[in-house]
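Look for subunit A in each of the two complexes below; its partner is subunit B in the first and subunit C in the second.
Moving on to the complex of A and B:
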């Protein structure tokens, strides 16, 4: 967090209205998001109890286990969830287009599925359910339906994607909202979707303070899950489960199950609605210019993983090998750095953060020599000089490379920094993106009086040595990993 | 009046609520809070106080379903004189235990007073520490004692102490799962913090008895369900770091005695419970008593202290309600209004606020420009 965020929170608390943290939304919002609101049984490890799922706000699919402690019922639950999720995944995968003209073009899906859960605990649920189901066998004595295993493979992929800062695959509503708005409460309170949404969309006729207080009462606003409210457990769920276990005949069992379904629906429905409201609110925020490019990359990732699964790819191992962990870590860092830079280039409030920390400065061009040339190795090179007057105090120094977000990251080098009466004068030598000739392309060099911003944050990532492939894993990292193949113990794994 | 007498007077007629490792760990997590320090030392039920003030409590509630499951798991591990636990110690931890004595320190009946249980536990543990019998011994549910804020606090941990050779191990049975060798980091951290309290308490006891405190290992045995099953696994948990933190925080805490000196002699937090256990004291009067002792609210309190809602309401409009990071960012500014006025230029900064005020004003200007352009 930064001073700008802290200020926004203070302003929000003072005015009792949420404050924007970014001018744009940096997240792609699917035209057909799929929302999952899961509930689990307390005390067990990710024992699914119920879920509300689907792409249609008005018509959610309700899945309720008939007996959450029973292994066959858990597989049944996973099977029903698989029917809901694998269909849109397949549909998306079938519609592809070429990435460009020419022989080297690949295929890319036209659109990729996007999953939403209420909060980070929902992402954990997805991950753990993926782990529960992906290592099953689809034949032999412990066989589960193929779709259950495939669901596991896909949920694991979605959960892995969710670790990346720039992801658009699986999103927690509380985090997506917090990326755009500050409320006048702490992050801890914002973790409760109802309390967070009380700031952004209080119920009709209710002020924010009253809405927040209502949101913190679990009897009025059930928790967003997957854990249920302890009072609900004691008063309603536990008796219903007991009745379910002791029901003597199918008719009695069905009656209890209907009661259970109704009460669980009541617990999930408010969260379902809030998640959709959150999506709608976010959709109304203008999208940042670099979002479509990132979504294109996400579609590429989906396309290639779908091919992997379709070709009979193995389920992901329980634990990453040393090589794969290192590779993942590098990818996490790289995508995070690129995302941070892209946000800064797109969004004046994000670049303002960098200005306040001294990694960027904004000011006016007070002097420019657009035709300056310097001798190069073989011929003269175009190296315009631009002098910027700024009031921003930067940590940047002579020799430092900086980039112009407004000119697609045009590179410049700081030639000198001089303190003046009301700030600093920074002299810059421009290095690229001016065309190939000895005169600069029109518009590629700032003009006198222009407002400009430069930052040391860069989108271009310095690629490290490529990672060794799986089979070349050095012995220092344990050598090539053994093929990860689920074993019988995995298929027979106890769920009790 | 002695310290104990004064503490009893503060509590009044309400029943005493003893410390446990969770409350001690939470206390150590916010060592600067005098309100909590005092109320805990006096054994006051903070939940009752919150209730008496009409504020909802969100912590300390556990699902009855989870409790039942946890009890079932513990019973399974301890069945037949801890047969399963022994297997785990042997196979998972690699301790060379052939056979063990099982020493039950659970209450003999409902009349078994905590003081007599404490004495029994101390005798049993000390006797065992002094002997060098090679067979292991399991002590089920001992009562321990720890000095906090200069007063002795008894704790009744849900644990087993295991002695092998000249080492004591704390064994904690938890109901969160270890999945593929890792568990939820927050839960492990919580378990480690609580275990550190037990290790410290046992060490203090040995030391008081003139024995070597280092006999208590700083490696704690954690027993949890494995993956999605009900089968236990055991792992060693290193709590050295938590021990060091806890010790430092306990050392830093003010003594209750000096705290009491700051307070009016007739102060009482008695909620005046009626026969049904409902508070009858005038909420305003009770609130006034509570506010006499300064608090140190941060949003983490909401997950750690029954008075979270009370102190949050009291701190309303102040910077700390926005969280620790904001409080650090706005260092030197107390109220939210003040921060906003400094940012908008409506207020001149005090001597110590110049730097943060400059930053706020610049930040505010940038916000206005950036948002104004799209408005």
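Moving on to the complex of A and C:
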């Protein structure tokens, strides 16, 4: 937890009002988000019980398994979820535009689907459901409908995208809210969507304190899932499931199932509403300037993965190979660093946080030599010197590269740091983004008296040797793994 | 009776033979702190190069690379040594020896018998060349994903490193790969050994840095399965503090205690504080400055007649960068005498050596013990940089804090397990420090 977050939480607790942590929202919000509120049955990993799903707040689709203890019914559940999700995915993929005018332009979807779940456990549900379905056969003795396997492939893709810091594909509402607002309660309490939303959108006529204690009552605010409230399980769910198992004829079964559906809807409806309210609240926060660019990249990823699936691509492997895992780690790190830097460049409150930890400083230009040149390898290079007076406690050293968020991350190197009576004087040599000539482009060098900010936070992009393919795995990492071709028997369950 | 020198020499010869004659693709050498790791790297590199084969040397930081370049170039006058660097790298003047060439592309160094670069730089190399021999220094600080990229460049590799120091770090949660034998978050050596169980690491037998008073503790706390001995015996290293303070304070007492026994623990009253706790920071700075004010002298095998302790031979270590910044400010406020004392985080002190170290205990004043603070490598680095004495500064209550925070990290099937765990290592160090404690009054 950063200093600013701690302060914001203390202020929120003191004033009983949520405090904004960032000026902007650093998350793209789709014009047509799809919300999924899943519920699972206690006792077994990811046994789906029901889900409320759809892009329309007023008319959610309700999917309830006919008999949650029956494993075949889980495939049936996945099939019904597939009908809801694969259609918007396909629709989005059909509408494309060129990335640019030239001959090298690629196609990019106009808009990509965005899934919302109430909390991180919802993401875990998506991931596990994807794992359960993507590796099934679509022919042979244990065949499942193709849409079930396709759903598995897509859910896995969404869940894997959600591991990236800058993701916009699958979002947990509690995390999206916590990225913008601090409440006066603990992180654990913020993990409960109802408790978190009690701070941000208390029910009509109720103050925050009353709303928060109301959120603790599982009868009024059922858990956001996928796990259900144990009291609900004992008093309502268990008897209903028993009746379902003992129903003698289809009519009786249908009657019980209608009862079950009604009670599960009651459990999911409040979370459904809260998730949509969360989306609306976030939508009202102004979007950060670098969000559209990131969303464009996310659309590219969606486009290329859709092409992969459409071309009959195989489902994602159970485990990452050596090369794949290293590549994935590099991508996770690179995107996290880029997101962190973009947030800092966009948002004054984020950069303030970096100033507090000494990774950025703000001050006034007290001396500038905009025409300074130094001899380079072939010709003289423009290297203006800028001296900044700051009161910030930095621990950046001489030789450190720093970047100017106001000038699109213009790079400078710290030449010297001198302590003065009221702070420090930091001398910087500017390195780029001044045009190609020997005089700097107008506006590219700070002027005397200008207020400037510099930070060491930056996007890192490292060019590397290619990652090895499966067959190129070197001896240090176990060598090429033995080839495995899936066979029908893999689908048999091991009961030993 | 064999002397430590003989034993180290025999081991070095064994390693050289195993590497050059054994036909092994990989040889691993584990080294305790100060056991002559970079000397070994320099020597093996030199001998192979002198025999006529090209050698690639991989280190982890630019400072380590520069250091190795100088070492090897001095031993190989007349043979060109390449320093692989990024564009625009300005090598320090010490590196610019007549037989050193600097280039950012390895193909620009075709004549160099030895090419030295950071792992990150080697991981960018685009070339059709391969090297028959490669030496990787600080291999436990290199992540396995880096190794994955550079292995195809080399035919046979010698990996040298200190298993007790800080593990490589990533801000990413790597649970996805936990238990995989090629987990990219693990160190290069851990992955190599997991996939090649027949490779048995060699161990360097003598620590030249640590005094006898520290060897036993460091070994039991951080290297429970290794056998290494100090290169000097008890009487050979001594610290003498000639000036007696007029009004003796706890700081003076802890200095006297450490001068006599090699360890001192200045314990401040219990309090839960911010990381940059003003009192602890001040006490840490006081100890460092007081060592100089009192004219401390050290006697050792390098200076049998004794020599005056200088600021450059003192290091102050802490866990966090803001603590380092606070201590630096505190030292600056104490005037010129403190100029030259190195203040740094554990990460950056790795590989460095000093006569006396003063460390701010990572758990001092905290209300919790996170995995960051419990990493055994962090404490190991801090308590194994000194040749004479180590003085720890911290608040009372660390053992209680440890007891209240046993490790809660999940354990994964087939996960990489490292002994000892940080909790246990911390307890061992604290138990030892309890016998060298000076309590500061309120």
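Note that in this section the second predicted complex is superposed on the first by the 476 of 496 C-alpha atoms of A that agree within 3 Å, B and C clash if a C-alpha of one lies under 4 Å from a C-alpha of the other, contacts with A are read in each partner's own complex, and residues count from 1 in each chain.
Criterion: a residue touches a chain if its C-beta (ideal position, glycine included) is under 8 Å from a C-beta of that chain, and two chains touch if they have at least 3 such contacts.
Source: prediction; values computed, not measured.
> A:7 in the overlay: touching subunit B, subunit C, both, or neither? Say first, second, both or neither.
In the superposed model, A:7 contacts subunit B only, not subunit C.
> For A:435, using the defined touch cut-off, is the partner it touches subunit B, subunit C, both, or neither? Pick first, second, both or neither.
In the superposition, A:435 touches no partner, neither subunit B nor subunit C.
> Quick check for you: in the superposed arrangement, does A:216 touch first (subunit B), second (subunit C), both or neither?
A:216 contacts subunit B only, not subunit C.
> In the overlaid three-chain picture, which partner chain does A:45 touch, first (subunit B) or second (subunit C), both, or neither?
After superposition on chain A, A:45 lies in contact with subunit B alone.
> Counting only touches as set out at the top, which of subunit B and subunit C does A:289 meet: first, second, both, neither?
A:289: touches no partner chain.
> After lining up the shared chain so the two structures overlap, which partner does A:357 touch, if you call subunit B first and subunit C second: first, second, both or neither?
Second partner only, subunit C.
> Applying the document's definition of touch, where does A:313 land relative to subunit B and subunit C: first, second, both, or neither?
After superposing on A, A:313 lies clear of both subunit B and subunit C.
> Using the touch criterion from the header, give the chain among subunit B and subunit C with more contacted residues in subunit A.
Higher number of touched subunit A residues: B.
> Taking the superposition as given, does A:203 touch the first partner, subunit B, the second, subunit C, both, or neither?
neither
> Which partner does A:185 contact after superposing on A: first (subunit B), second (subunit C), both, neither?
first
> Residue by residue on subunit A, keep only those touching subunit B in one complex and subunit C in the other, then list them.
319
> For subunit A, which residues count as touching subunit B in their complex?
On the subunit A side, the touching residues are 1-11, 13-14, 20, 23, 41-47, 128, 131-132, 184-189, 216-217, 227-228, 230-231, 233-234, 237-238, 241, 286, 318-319, 348-349, 352, 355-356, 493-496.
> Can you list the residues on subunit C that touch subunit A in the complex?
25-26, 120, 123-126, 144-145, 147-152, 170-172, 174, 176-177, 180-185, 188, 191-192, 195-196, 321-322, 324-325, 332
> Taking the complex as given, what residues does subunit A use to touch subunit C?
For this pair, the touching residues of subunit A are 163, 319-323, 325-326, 328-330, 332-333, 336, 357-358, 393, 395, 419, 462-465, 467-468, 472-479.
> Once bound in the complex, which stretches of subunit B touch subunit A?
Subunit B residues touching subunit A: 56, 58, 61-70, 175-177, 179-181, 225, 227-231, 299-300, 302-303, 317, 319, 321-323, 325-326, 329-330, 336-337, 339-340, 343, 359-360, 362-364, 366-367, 369-371, 373-374.
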